[in-house]
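Below are two complexes that have chain A in common, paired first with chain B and then with chain C.
Up next is the complex of A and B:
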């Protein structure tokens, strides 16, 4: 009888596959990325490496000694104090305590401060609070500190925001009005992000982590690119490190006609996104590849590594791949299986050639 | 546990247990890719790049350089004190250290 190996589905369920089935899924996953992105499939030895990781009988696998990489984080301390919606575990503690816990107990290389909503817009009216908390953290910690937040253009549309909702206008055929609302939201989001960056930089912030970029499509991405360019052109903020982490592998064309430096933003994949991020002045890039819950870990991982390897290859800035729940091979499950996470982590470093996670 | 600790066990440098914060700073400040950042830090610390994730080497070296250690060591540089030493050792700018210098000048 052919030996079977325990692995996972994209939703975290345990499944059993033979080595040839694992290899077949890796071939298909890599081919899918190559086809969608117009990029090369993984080489045979790279597929062999993923097969060896998947079939390793150990629960936890790792990179070879010496191949380790540094980590940046999204969501910051919310994973400790936040609710389930933030993947938090609900421990009552201050953000200062959360940062120190990560530095001293979780061996983080960098850490992050963020507002409980984790969006730029609601942080603006309480900027003094954010500055004060950041000052305390910077005095008492050693690792580099990011301020993390989402551009979250959805907050600028009705009923929460001041602009008409393009998702309501478009079904009514009001395409021009929908695009105008998005263009207004871009300008307001840029103003908010710039205000927050400038004020946090004044008190010594190391870096700005713009997370889930393009979650609201190409207008979201355009706002981030343009504010990055502005911050890098401003003497007060030019040395502020900016990490741009994506929301998904593909930029949705919610507007459709938006460009940056003559390049259309809708429809581009990670290896194309990073080139535009570099043009804008971004310092680190966090690519995303969505996990398909109905496919296996080998399929999802091979697909994600194919995209990210190409992104690393064309990039001149460090790539810190997004490897949270439901992206880049990690199953879409709120308590991700350690066996799957360590396999995805190792493959992304040793085959995807990332500079960090 | 499922994310932080699992990633650290699989591929993490180790933060201030080792030299993870130092490598990350070089990436953030100078856009260095991983090999360049590790080589830069190793040269400044006068160690092999393999030692950057070796707690046995880095624990003592961090204490000797007084750039911050993970355990609570009385008298050792803490917080911005340690970062001011890191700025000197790595020859890089750290915004919070510059802010402190401006305050006491």
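Up next is the complex of A and C:
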């Protein structure tokens, strides 16, 4: 009887596959990425490596000695403190304690401060509180500290924001008005991100993590690129490291016609996104590839690694891949299974050639 | 003259497939002014142009706001072309189709193309529009007594309305008198069979062929 290996579906369920089925899924996943992104499939030895990771009998796997990469956390300290279904484990502690726990107990290489709303807009009126907490953290930690938040252009549209909602305007056929609302939101989001960055830099912030970029489509991405360019040309913030982490593998054309330096933003994949991030002055790029819940871990992982490997290849800035729930091979499950997370992470380092996680 | 006609059809197709909405009506008007056959502009210009746009949309190379802007221009262009056909077509209009996009779905570009092609083929069209409540389909069935009822959906969340519509037609005792045809991105032949629809149109051309088959227009 052919030996079967326990692995996962993209929704986290345990499944059993034979080695040849695993190999077949890896072939298909890599081919899918190659087809979608217009890039090369993984080489045979790279596919072999993923097969060996998936079929490894250990529950947890890791990279070979010497291949370790820097490791950090986004979403601030919510992973520990959150208790409302937001990926947290509900341990009551302050944000300062959370950062220290990550640094001293989890040995992270950099860490992040983030507000519970995790968006730039709501952090604006509480900037003094954020400055105070940041200063306390900077005085009692060693690792570089980021401030993380989402550009979240959705917060700028009605009913949450001051501009008309494009998703209500478009079904009414008001395309021009929808695009104008998005263009106005871009300017306001840039103002808010600049405000946060400048005020936290005054306290000594090491880096700004602009997380889940393009979640609201190409206007979201354009706001981030333009504010990055502005911050890098501002003497007050030019030394502030900027990480641009994505929300999805593909920039949705919510506007459709937006460009940066003459390049259309809608429809581009990670290896194309990183080139534009570099042009804008980004210091780190966090690619994302979506996990398909109906496909297996080998399929999803091979697909994600194919995209990320190409991104690493074309990039001149470090690639710190996002390895969270539902992205880059990790199953879409609130608490992603450790066997899948460690396999996906190892493959990203040893095949995807990422610089950090 | 033939070269100019071909050139204009090519320009029309390219203006659509390369997302230049401003040129679509302009080229159409020039085509009509020259007195060329509108059917050719629709079948060789608009239809293949929109097919390419559909493929680009599937691949994520073009997005909804752009498709909607294109859709407006194509609708205007189609109206102009169809108005030149109206007199000829009146005599052949005998088979009636009621068509609409299922409630909850605002996507009607595909339906618009199907509608246009059906008009060209001489069907009498009653367009219920988009986001149409199922009760309105039933009312229209009673009022217009169509030969065919066509419905479209672009989302898996709205296609279930097609199955409900089948049941409602049955309950109202109308189903035996009306053929049903469905189409749209999440629709398949299998789905049509599963819900008991009489036909599935994969694209505009296919929908026209299926509609003709349903009313025996292809016979003889």
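The rule we apply is simple: the second predicted complex is superposed on the first by the 355 of 357 C-alpha atoms of A that agree within 3 Å, B and C clash if a C-alpha of one lies under 4 Å from a C-alpha of the other, contacts with A are read in each partner's own complex, and residues count from 1 in each chain.
Note that contacts are C-beta pairs under 8 Å (C-beta built on N, C-alpha and C of every residue); 3 or more make two chains touch, one makes a residue touch a chain.
Fair warning: this is a prediction, and the values are worked out from it, not measured in the lab.
Q: Will chain C clash with chain B on chain A after the two structures are superposed, or do they fit?
A: Overlaying the two structures gives chain B and chain C room side by side.
Q: Please work out whether A:170 is in contact with chain B alone, chain C alone, both, or neither, and reply first, second, both or neither.
A: second
Q: Which holds for A:250: it touches chain B only (first), chain C only (second), both, or neither?
A: second
Q: Quick check for you: in the superposed arrangement, does A:318 touch first (chain B), second (chain C), both or neither?
A: first
Q: Taking the superposition on A as described, I'd like to know which of chain B and chain C A:267 touches: first, second, both or neither.
A: second
Q: For A:206 in the superposed arrangement: first (chain B), second (chain C), both or neither?
A: So A:206 only meets chain B here.
Q: Once chain A of both complexes is superposed, is A:178 in touch with chain B (first), chain C (second), both, or neither?
A: Touch partner of A:178: chain C, not chain B.
Q: Please determine whether it is chain B or chain C that touches the greater number of chain A residues.
A: B
Q: Looking at the overlay, does A:150 come into contact with chain B only (first), chain C only (second), both, or neither?
A: Neither partner.
Q: How wide is the angle at chain A between chain B and chain C, using CA centres, rounded to the nearest 10°?
A: Computed angle, apex chain A: 170 degrees.
Q: With both complexes overlaid on chain A, what's the closest CA-to-CA approach of chain B to chain C, in Å?
A: The answer is 31 Å, the least C-alpha separation in the overlay.
Q: Where on chain A do the contacts with chain B and the contacts with chain C coincide?
A: Shared contact residues on chain A (touching chain B in one complex, chain C in the other): none at all.
Q: If we count contacts the way the header does, which residues on chain C are in touch with chain A in the complex?
A: Interface residues on chain C, with respect to chain A: 59-66, 68-69, 72, 106, 131.
Q: Give every residue of chain B touching chain A within the complex, in rising order.
A: These residues of chain B touch chain A: 1-17, 20-21, 23-25, 27-29, 31-34, 37, 49-50, 52-53, 67-68, 70, 78-80, 82-83, 86, 93-96, 98-99.
Q: With touch defined as at the start, can you tell me which chain A residues reach chain B in the complex?
A: 60-63, 65-73, 79, 102-104, 106-110, 138-145, 201, 203-207, 239-241, 283-284, 316-318, 323-325, 330, 335-338, 341-343, 345-346, 348-349, 354-357
Q: Okay, in this complex, where on chain A does chain C touch?
A: Residues in contact with chain C: 36, 170-171, 173, 175, 178-179, 250, 252-257, 266-267.
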